[in-house]
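Structure below; questions to follow.
Labels A, B, C and D are assigned to the chains in the order they are written; within every chain, residues are numbered from 1.
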Amino acid sequence: MTEQSFTPDEMMTIAAARALGNDDVCFVGIGAPSAACNVARLTHAPDITLIYESGTIGTAPDVLPLSIGDGILCDTAVTTVSVPEMFRYWLQGGRITIGFLGAAQLDRFGNINTTVIGDYAKPKTRLPGGGGAPEIASSCGKIFITMKQSRRGMVEKIDFVTSFGHGAGGKAREKLGLTTKGPTLLITDLAVWKTDPESGEFVVASLHPGVTREQVQETCGWPARFNESVEETPPPSDLELTTLHDLKARTAAAHGKN
Amino acid sequence: MTEQSFTPDEMMTIAAARALGNDDVCFVGIGAPSAACNVARLTHAPDITLIYESGTIGTAPDVLPLSIGDGILCDTAVTTVSVPEMFRYWLQGGRITIGFLGAAQLDRFGNINTTVIGDYAKPKTRLPGGGGAPEIASSCGKIFITMKQSRRGMVEKIDFVTSFGHGAGGKAREKLGLTTKGPTLLITDLAVWKTDPESGEFVVASLHPGVTREQVQETCGWPARFNESVEETPPPSDLELTTLHDLKARTAAAHGKN
Amino acid sequence: MAVFQSLPQAISENLHAGDSVAFEGFTHLIPHAAAHEVIRQGIGGLTLIRMTPDVIYDQLIGMGLVKKLIFSYAGNPGVGLLRRLRDAVENDWPQPLELEEHSHAAMANAYEAGAAGLPLAVFRGYKGADLAKVNPNIKSVTCPFSGEVLAAVPSLRPDVAVIHAQKASKRGDVLIEGIVGVQKEAVLAAGRAIVTVEEVVEDFAEVHPNACVLPHWTVTAIAQVPGGAHPSYAHGYYERDNQSYLAWDEIAADRERFQAWMQDNVIAATPEDFAARVAKVRAAK
Amino acid sequence: MAVFQSLPQAISENLHAGDSVAFEGFTHLIPHAAAHEVIRQGIGGLTLIRMTPDVIYDQLIGMGLVKKLIFSYAGNPGVGLLRRLRDAVENDWPQPLELEEHSHAAMANAYEAGAAGLPLAVFRGYKGADLAKVNPNIKSVTCPFSGEVLAAVPSLRPDVAVIHAQKASKRGDVLIEGIVGVQKEAVLAAGRAIVTVEEVVEDFAEVHPNACVLPHWTVTAIAQVPGGAHPSYAHGYYERDNQSYLAWDEIAADRERFQAWMQDNVIAATPEDFAARVAKVRAAK
């Protein structure tokens, strides 16, 4: 147990890092997923394979990239392939065990919207769009989602299904012919949620230290379900927190030097 | 005009070389096509692009390769790509102006058999098969065919259509949706034949020095057609012949040294 | 056959109003200088194609030169949304913008199919995704062997591809190293290809045999523009100028500030200005 | 995850009687040593897959280990026909051989589709060609955008891929340089991959970023066999032994001579013998 203090964001990143193993091949997104994957690599999973959609396979960056195509990803990669090859041989080929996704809007079944708020033809807010997400969601072995909890983000019904999770729940993936597991884990700044294998719904498995059920519900737009025995997420260890702090400090120094 | 003597084979190679231009991008086969393409490169077409199906683009070998994948092709290439890329981006992509093909059996419409003599299921002779030829024949801008004349090779009806030329003649290619020209030139050890654009049939355009119409007909299994004004193929120039001799001598020295 | 030209000439001879054009680069080697030249020449009515439209597309859209965008992810990488694109989509400013939206997998496959001379790309995608409902160019084909229903999209065949590369040889062969993205596919899929390069070298004799090289006869025009990818980067030459990407978020947030910035940094500038812009990131490596 | 093993172990653990197996290599890097090990172990009932079956497939077929061949060009490159293959097809000796015949374009696309996890490959091919009449695995799909009818073949997904490469790193990443053929696709398409290499090096730190590398987690077993491609060649290590290919034409012409040669050079030999065989072509470069 650590004596160091930590932020909810840091807890989210470290909880996500713990879900990764040495043999995993991860399709990494920018932001929290990138930090989580690299903390895992620098702590308990030194042999994890990190893949960024820019074509860099087996990267080991010293600092976190700002974009998914920073030079350091190529410099430290085992190999760098073209983007069509990345999506054909590596993602569609079924070689990725875990895909990390974020969300502007998320529902309880792990369906994700990063396309528009409002109507598609006349959007209130035009978001960046799906990018790799629609096929990451269908081709990776499992999907982990990280996001900060908010009623605006975790909603009863998303405005647009950018990436399919478990649809309306139950056997929705099977019915579409999907053989991958889809979202199995949601790691937020407040809790770790696991997908109920029957209903396809997120259920709170552990609350981060000091977080209450009420806080989780207040920041979640659907009626939150809790496991019979909700645990406390183990707080960050000294090693985890130091690794993350050091990574962030190196990143700030590197990106700030221009 | 040269004083040097030359063989029918050499005349065939040199006549084929003359049909190539500086801006051509040629898909080269082994044997006579390889010699012709490299003679062209070493004489009047120094900037010609030679491509071998092993993935080597823009090669300039000092000696003729024994196989389509000899190391010298890669060593002298502008770039070497994978075989799937070769067939997708470069051949199917429509980037090749001229494809060179040989034939075990050929008919007057430029249809080629390199698959079987006899019945496909119970062949008298099992030949190597099509390799790249079926799509070379359809995707290259034009097809040049080189072969030694013989009644066994130039036949009324081929046993198997490995590569489509002009089918039964006329608009057969258009009817199949082919937009490329198909066989336009047949260069043998005795003559240069050009395809009649109406009938799709080979017609003798020029006889190699000393060759008679009778010799052409005796070694051809279909009734040979001759142009109204059949010309004499200009004999090899000193430069052409010396270039070919030197190339062959370098090749023999290189391949013999093991 | 590649012709060496000045950037203004390469653009004016090869890109025309109303063309479909792909400025490609996956974070790396984004052809900023070429896009700025298009803006200076005011070539409009464009259909822009790109997997990851970012700052240069925000600029072209904000300057009113774009009627349609074919894309899969429109964002300022690592920073946020594209504010000029949003203003066009949400408020029709300075003019309406038609969107044809795909996933990365679809766009990557569609470029690949374009380079391969095919009319369509076939892949496993869009399962359960709403994009298939709003984009009529997302269809399907059924595998005659397995019965599986696969996604199909039309191949991409832009009139023009524009890329930035590290090197050209004197003969006009073009070398791309590092994160190669979809640039090779974009060039081979396009009718004409304009390439800006960091430098021109004698030949590529020492280059790896399997390096990504575009032979000179696949390229239309080459212009040497050192620094021409800034604030993107050129592997081996200069690093990504992350501060410029962060700054863009503020510049693009306001229509007038955007216009003033474009006037100062694009309209009143030249391709030669790019060399100085990368001086500060050149030694950083 | 790649395991370093002896060649006999790598073969016996990963290739089983009745498997479909692709020994790939396009003239370059043909895995002769691995094929000879299969012959020594007498693993039979195989379905062999390869674009360009040559000497090693002639040997496997002549030794009676093959029930089916999926291929696009069966020849001794630069020399002529494959006499053991002919004897099997024409005379059922030593046993009948089923053929599934394609074009190079079809096979290359089918490996690519296998690597991409697709059930089929779609391409423009076989127009007017008789192969489509004798091979029921050549079908078509219609493009829903253009109406064009394109060729379709099932993707190739061999049980096992066997390749020879220049280098493995200590971690088990595999490097292929020069004519790379379809080896990457064959490995990624296969259920298991056996790789023989010329040498094992510390790491690939100095290798070109875009070189053809198979990460260790895509490879099943690696065996170091110097000279293991002979009489094929390994770019940067030794040249093609063209005389051996010419000699094969005579050896394979006669059943008894063939069997005697196989006894002396394969059955009674070991993987370690390959190093000596390339000594004469090693310095030739």
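Remarks
Note that contacts are C-beta pairs under 8 Å (C-beta built on N, C-alpha and C of every residue); 3 or more make two chains touch, one makes a residue touch a chain.
What you see is a predicted model, and the numbers here were worked out from it, not measured in a lab.
A straight line joining the Cα centres of chain B and chain D is 28 Å long. Rounded to whole angstrom, the centroid-to-centroid distance between chain A and chain B, based on C-alpha atoms, equals 57 Å.
A straight line joining the Cα centres of chain C and chain D is 39 Å long. In chain C, the positions touching at least two other chains are 112, 116-118, 123-124, 148, 178, 180, 184-185, 209-212, 235. For chain A, the set of residues that touch two or more other chains comprises 74, 80-81, 88, 92, 139.
Contact topology of the protein chains: irregular, matching none of line, ring, star or complete. Here the chains touching each other pair up as A-C, A-D, B-C, B-D, C-D. Residue ranges of chain D in contact with chain B, taken from their complex: 26-28, 51-52, 71-75, 77-79, 81-82, 85-86, 89-90, 101, 103-105, 108-109, 111-112, 123-131, 134, 148-149, 178-182, 184-185, 212, 233, 235, 239-243, 245, 280-281, 284. Here chain D touches chain A in the complex through residues 1, 112, 115-118, 173, 184-185, 188, 204, 209-213, 215, 217-218, going by the rule given at the top.
Chain B meets chain C in the complex at residues 23, 25, 49, 57-58, 74-75, 77-81, 88-89, 92-95, 139. Touching chain C in their complex are the following residues of chain A: 30, 53-56, 65-71, 73-74, 80-84, 86-88, 91-92, 115, 120-121, 123-135, 138-139, 160-164, 167, 172-173, 176-178, 255, 257-258. For chain C in complex with chain D, the touching residues are 116-120, 122-124, 137, 139-146, 148, 150, 152, 154, 177-178, 180, 208-212, 235.
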